[in-house]
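To start, the structure itself, in structure tokens.
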Amino acid sequence: MKTFAALRAIPTLLKIGFSEAVAYRAEMLVWVFATTMPLIMMMLWTTVAEASPVVGQGGKQWGSGAFVAYFLSVFIVRQLISAWAAWEINFEVRQGMLSMRLLRPMHPVLSFAMSNLAYMPMRAVVTLPVFAILLVTELSRMTAQWQVWLLWPLALIGGWLITFFANVAIGSLSFFIDSSIKIMDVWLAAFFVFSGYLFPLELFPEWLRIAAQWLPFRYQIGLPVELMTGQLTVEAALPLLARQYTWAGLMVVASLLLWRSGIKRFQAFGG
Amino acid sequence: MTRYLRLLGLQLRTSALLAAQYRFDFFVDAAISLFWTATAVVPLFVVYGEETRPGIPGWSFGEALVVTACFILLQGVLDGAINPGLQAVIDHIRKGTLDFVLLKPADAQFLVSTSRFMLWRVFSLVTSGIVFGIAFHQIGHGPSVLGVLTALVLFAVATLLLYSLWILIISAAFIVVKVDNLTYLFSSIFDAARWPSSVFRGAVKFFFTFVIPLAVMTTFPAEALLGRLAPMTLVSSIGGAFVFAAVARRIWLRSIGHYTSAGG
Amino acid sequence: MIRLSGLRKHYRVHKRPPGLKAALKSLFKREYEIVKAVDGIDFSISPGERVGFLGPNGAGKTTTLKMASGLLHPTSGEVTVDGHTPQKRENEFLKKIMLVMGQKQQLMWDLPPADTYELNRAIYDVPRADFTKRLKELTELLELGELVTKPTRQLSLGERMKCELAGALIHGPKVLFLDEPTIGLDVSMQVAMRDFIRRYNEEHGATLILTSHYMDDVAALCPRVIVIDKGALSFDGKLEDLVTQVRPEKRLTLRFSAPVSREQVAELGTIVKHEPAQAVLLVKQSAMNAAVAKALATLPVQDLNVENPPLEEVMSELFSRSRAAREVA
């Protein structure tokens, strides 16, 4: 009964969240423009590959075109899996605004999730031109298997779940320490290196590649991008998707536990 | 002048007090510094990872590492001295309390730009020192005295440029309503400075040399340390930076004039 | 409806002495002290009552309200609100209450209030028909009109507060905690808010606890007042009784048709002000009738006025007394 009421509220939450996204469209555009890293990496790698293609661990030859396809895909995926609840939670805890949220008969994490998700339609619109460029210039480098394209949304959802719940977990640390945002910086630093954001993981030395397999980051960016750019077959992708959703599940559990003990502390010390 | 120096001293003291209160931050900042150093260096290891990889044209691994070290150093300046002040101004604008700053009998630009420092970020001096060490070890010989002196001059130029860019962004903040994320935009563009500027071609190269002169900030000091900076480049960098700063100051004064408080 | 027994809230806070040296020292060793924000409070409130909650700054008013609304856990003691234990934060409980804080807002800054209302409708699971009816009623009572369709940031403080209040009532709470709801508002807006709050209480039978810096709010709204000080209850009863207790005297103003000497007036009570043609006196409540009779009989009285001392004065006297007591202790 309780969950049913919460589910019924979701469409309205998304609708209002979308109105908010529209009100903050200029701000969102700044965020999108700030995602320059994949484009800079694209320039770097195409310059490097100019003289001769870069050879990856698997023996694949990475020419300029392959890098363009890869990094434009990274840009698109980054837009679609992003979440920023850690900053919101930190801000509301420090300003004492979380009290207003706690007074409402709805799990605050759910309302954060909906307000983050409500930005997705606008973000998707922003990625459309990039998608168009990608399809016009590098169509031959994108996967031609329709089954892989079916898996792609699943991988995006999995990637978003990991991002969002990692945000909630780190945001919940604001209940305990003043500087949870700095923890977020550390998380982001690791994310940049191990997610495939700065370079295709295939170019990693062997031992770093193995480390990346076991960390959550590559399932945020790397997996969906590798699916798009035809580096993975369905057979190869399924076990990776399984790992991705395992990570997502772990993040959900960890973040909700942290959130709960954080709220207890908040109620003990006040906001 | 001495009054402003005294004010600066006071503001630094306040920041030191704040820094001491958040002791946990010291360790976190040190860890972050190391982490960011790693993220700055790891891509180089990937680019130059194997003998067969060509790397960045015109730059050996050690030379590219010198650019990275310059980048880490300037990032410390940016995060420690420039971004916190920017954040403070943005907070002021949002809360409508900038009026209080403008009412004070001292130069507003000076007051806002010295209002907050993150002193723990000096740790990036250490990490950049380490990277410099590794880089010159790779190259096989240290920089010349002249090279070091030129590089120091260029670092001062780079700081002036960063500061002027910062002033321009704040001026924009008076016009745009929601500006919370401008610091983020600023740092993310600055990220491009971790690579030698020869990576960029055409319009992008022009943009990073003249519009947002990232090349001047990291590539030129690195070239000075490597002893291959053309004297003409040094002179025009200094000249350009002063023009940039003067323009920024003009724009700042104009936007202060247009500023209407968010309160009421 | 609301019942507090032996309610306590103690905090352990880190002492941060001023100065760089001390700050550096606190890097390594921290000193703590216990702050007793609320230290044993008992009272109970029946359904439909309007209660004013008074106390000097830092007396523990907001802490108590936060405990009653489930935002804070008590250190010890108990609160129940309509049979619920607030700290469990059950949805059933949250749907029955609302806490309005004058200094914090729930309206979304860059969207019109109507959007926040719609959001609250969904979150509180209010049936559409009830929502429409209640919103219409609130719009009329608070004279919201076009305000609800303008972005919140474009509203004045008073307009925002009205919209805020409407948003807090959209789910028809049975218990309303109002923490400084009129802070920063101009006098006419304060009066409008007061009228609205009283009408809401009368029409819906909602229970209401109000804290305010403006004694007029309390005087106009709350037949019963509870005073807390230093985290403990120091008065619970009718407002008039509080006034009598703090200031047993009333104020007697006499205007004379012919000059009257100071000595003649002094027999009636304590002189506050004396001019040949006018005198202001403080007279014990019990002695007032006799004093008035005597004045009329013996003095050339042209005009006479008996009034209670202004509430603000009563309160500042009450609070300054408690401060003095604290300083002695």
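In this document, chain identifiers A, B and C correspond to the written order of the chains, with residue numbering beginning at 1 in each.
Going forward, a residue touches a chain if its C-beta (ideal position, glycine included) is under 8 Å from a C-beta of that chain, and two chains touch if they have at least 3 such contacts.
None of these values were measured; they are calculated from a predicted model.
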**Request:** Compute the centre of every chain as the mean of its C-alpha atoms, then state which one is farthest from the centre of chain B.
**Result:** C
**Prompt:** Which chain is in the middle, if each chain's centre is the mean of its C-alpha atoms?
**Reply:** A
**Prompt:** Roughly how far is chain B from chain C, going centre to centre by Cα mean, in whole Å?
**Reply:** 51
**Complete:** Here the gap between chain A and chain B, centre to centre from mean Cα coordinates and rounded to Å, is 28
**Prompt:** chain A to chain C: how many Å between their CA centres?
**Reply:** 47
**Message:** Which positions in chain A are in touch with at least two other chains?
**Reply:** 24
**Asked** Which chain A residues qualify as touching chain C in the complex?
**Response** 2, 5, 8-9, 11-13, 15-16, 19-20, 23-24, 96-97, 99-100, 102-106, 111, 264, 267-271
**Message:** For a test of understanding, state which residues of chain A touch chain B in their complex under the given definition.
**Reply:** 24, 26-27, 30-31, 33-37, 40-41, 43-45, 47-48, 50-52, 54-55, 177-179, 182-183, 185-186, 189-190, 192-193, 198-199, 203-205, 208
**Fill in**
So, in the complex, the side of chain B touching chain A is made of residues 22, 24-25, 28-29, 31-32, 35-36, 38-39, 42-43, 45-47, 49-50, 52-57, 176-178, 180-182, 184-185, 188-189, 191-192, 195, 198-201, 204
**Message:** Using the touch definition from the top, list the residues of chain C that touch chain A in their complex.
**Reply:** 11, 63, 66, 69-73, 87, 89, 91-92, 94-95, 97-99, 101, 104-106, 108, 110-111, 115-116, 118-125, 151
